[in-house]
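Below are the structure tokens for one structure; questions will follow.
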Amino acid sequence: MSKTKRDNLITYGIVILAFIIFQVLSATGNLSSHMKGLLVPMTYYAVIAVALNLCVGILGELSIGHCGFMCIGAFTSAFFSKVTEEVLPTAPRFIIAFIIGIAFAALFGFLIGIPVLRLKGDYLAIVTLAFGEIIKNVINAFYIGVDSHGLHFSMKNAMELNMEADGQIIVNGAMGITGTPHDSNFAIGIAVLLISLFVVLNLINSRDGRAIMAVRDNYIAAEASGINVTRYKMMAFTISAAIAGAAGVLFSHNITTLTASSQYFGYNASIMILVYVVLGGIGNIRGSVIAACILYLLPELLRGLNTYRMLIYSIVLIVMMIVNWSPKVIEWRKRTFGNLLKKSGKEMA
Amino acid sequence: MALLEVNNLSISFGGLRAVGDFNLKIEKGELYGLIGPNGAGKTTVFNLLTGVYKPDEGIIKLDGQDITRKNTIEINHAGIARTFQNIRLFKQLSVIDNVKVGLSERIKYSLFESVFHLGSYKAKEKEMEEEALRLLKVFDLDGEKDILASNLPYGKQRKLEIARAMATNPKLLLLDEPAAGMNPNETKELMETIALVRREFDMTILLIEHDMKLVSGICEKLTVLNFGRVLCQGETKEVLADPEVIKAYIGD
Amino acid sequence: MSFLTYLINGLSLGSIYAIIALGYTMVYGIAKMLNFAHGDFIMVGCYIIFSVSAALSGNPIIGILIAIVLCTLLGITTEFVAYRPLRGAASPLAVLITAIGVSYLLENVALLIFGADIKSFTSVVKWEGITLFDGQLKIQGVTIVTIVVSIVILIVLQLFINKTKQGQAMLAASEDKGAAALMGINVNRTIMLTFAIGSALAAIAGALLCSAYPSLSPYTGAMPGIKAFVAAVLGGIGSIPGAMIGGLVLGIVEILSKTYISSQLSDAIVFGILVIVLLVKPTGILGKKYLEKV
């Protein structure tokens, strides 16, 4: 078995082991109801961390608007589930909800990718932030209702929907969608995480994944090697958005009132995911899953830590970047580390 | 018919004519040198040949096919591969993965097969692995196949860049100052590598070079550029004896 | 007449964006980095003025002066500790992510010291303003002061860049750091000076922003900071008059779209402009073209 194959199996193993541990704890009554409530959010944050790491670590482009794609996945799937709640049984409804949430997030990832991926570095990052905010703001201004005549839309307010008396408001502007069926649970969250990992890890270890990383490392050389740079950037960005959409589906089917608020979908939320990715290791998919789970659970468990949580994260973020990327620190590390190696070599001789 | 035929190629940048009325004919199997003082427009010619710049005038034909206004990717697919003056490897990929990227337009499978590792994934990956190893062996890099490209010593990075270019199965290989930054030993080894590429792959090569020793040692024909224009063209010996060339290089 | 009022409000908001954008554009032009934390310097400035005013309960000028000095020091320190070590890093994302970290750090320090509740900021401009057309058009004092201050800053900065040795050094460093260093310019010191100026401007912008919109929280600076970056890109990054034009356009668009289209969608419209500008003319209104050499 090759090393990458073994590494990937270890990653799946860790996720499955964590699932079993939590299930055992829960079955033996060792899990508080507060803790149980954290399990599904933990999975969708891990899923979106995988998505963002595909974009930042593998494609090499910083997105600070990924929660926008999560938002699209959340709203489109919640809309579908709410409309069909009476008509369809749970299992097929939730499966279709996933397909819809993922498809819409992928579609928007593709459409937004066309302009965004023509840019580079800082500009690209700020435009992803812009799109994330645009998505959030537009959804906040959306009103959709349904009555016997079908669907009604408005961008102004609920009155403008002009519905019959039997009408029901589904998307109520900034008040969002209320009463989406609670279809998400921990097992489904873990399944979605495993599928996301499977897709991303397989992709990395394939012809397309290598091309994506080649574009990241040197797009000029990639073009000269016949690699269609735009195609591979779009591919990675769209897949990343689709996975973020899946996280959104888990999110919206785990919450009573879904609103496009800054807390969940603003750029600050996207930056929070970026913190998971950076602390888990840029380009290290397993690392971002572990970082997302630990960083999400830890402050919730140690309440005292919550006050200082963001402060600590920000300091760790800065220190990590300097330690890992500063040319001077890297040189210093090489010198010190190199000397140590030489020394141990001599001792062995 | 010549493998590469360039007629009246010209390009200007903001009124400055970087390359003008450039003509070149390379026969299949030739090792051709493009030399000239700094700023003569040598790299600009390469960038025109590989579609990085679009010429203002002129025609470029590869094996009879007009590739004049094609983009870099199409030109690579048409059969021109290149290396860069300042080595451009995929630094965070392993040595063998660098070559596999070069192979990935030749040995293909779908995105669906990539994501789910189904269908022809296994067979094609195996084929790619074997082909990449075969190439690495030629360049004596198979011992380092799993280390990161950025951790290779300089001379081997240059070799890997050539190996990657060869992986795209080109008709014509362009080498942009391959000996830049090399010590005499490395240069000697490079000359052997270039000779090897010709022998092993029956390759046609166009190279830009400053190092006169390297040029006179291996190139059969030369074109000398000065101020964006062809100063002299022909057999290596004759060109190097031309008083105009000596003047351009050494000065009055 | 109400349109004129909105237009003037837009000009005032735009002037604030312009002052912040000047800091962005200078830092980006010279250090080639997006200082994501720039907006949070505004917030820091506001809290300093707020605290000093509360302590001295007197003239806000002292508060503003202290804020300018402390923000300048903060800017210099940030540059030295967090950004300078990453100059020349292999990935351009490194310094951007660090700047995001600094932004988070400042917001959370403020959160710990002052709490999340919104403080009501007392305007630093005591002047009531003027009334025109028999009371039909009322222009607030802070609006006039904001516009005047931004014009003065623009003129002073232009003179500084074009007439002083330090300013010329900045221009040189923004063109080519290596060549500038060979000409005897201390690039590190020049970048530090740029950060100092940008941060001082952020403090001034903070005083004006919170005087016009008197609610102060740890997140006060974040959104105006991002919008000011949009303004800097709109005007052409690295261009001082560009930052001014970009800021004014953005301020007017924001106020008018809030009034006539939808307050919910005004931010989306502002960001939509950024997207369109970067697609149609990625270098902005007054920006220069840049090509990567192969």
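By written order: A, B and C. Residues from 1 in each chain.
We take it that a residue touches a chain if its C-beta (ideal position, glycine included) is under 8 Å from a C-beta of that chain, and two chains touch if they have at least 3 such contacts.
Just so it is clear, the model here is predicted, and its values are computed rather than measured.
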Across all chain pairs, which one has the most C-beta contacts?
A-C
Distance-maximising chain from subunit B - centres being C-alpha averages:
C
Could you tell me the distance, in whole angstrom, between the mean C-alpha positions of subunit B and subunit C?
48
Between subunit A and subunit C, what distance separates the C-alpha centroids? Give it in angstrom.
31
On a C-alpha centroid basis, what's the spacing between subunit A and subunit B, in Å?
41
Residue ranges of subunit A touching at least 2 other chains are 220
For subunit B, give me the residues that contact two or more of the other chains.
84
For subunit C, write out the residues touching at least two other chains, lowest number first.
294
Within their complex, subunit B touches subunit A through residues 50, 71-73, 76-77, 81-82, 84, 88-93, 97-98, 100-102, 104-105, 107-109, 111, 113-117, 121, 124-125, 128, 164-165, 167-168
List the residues on subunit C that touch subunit A in their complex, please.
28, 33-34, 82, 85-98, 100-102, 104-105, 107-109, 111-112, 222, 226, 229-230, 233, 262, 264-265, 267-268, 271-272, 274-275, 278-279, 282, 292, 294
Considering the complex alone, what residue numbers of subunit A touch subunit B?
199, 202-203, 205-211, 213-214, 216-218, 220-229, 235, 239, 283
Within the complex, which stretch of subunit A touches subunit C?
56, 60, 62, 64, 115, 118-119, 121-123, 125-127, 129-131, 133-134, 137-138, 140-141, 155-156, 173-174, 220, 267-268, 271, 274-275, 278, 282, 307-308, 310-311, 313-315, 317-318, 321-322, 324-329
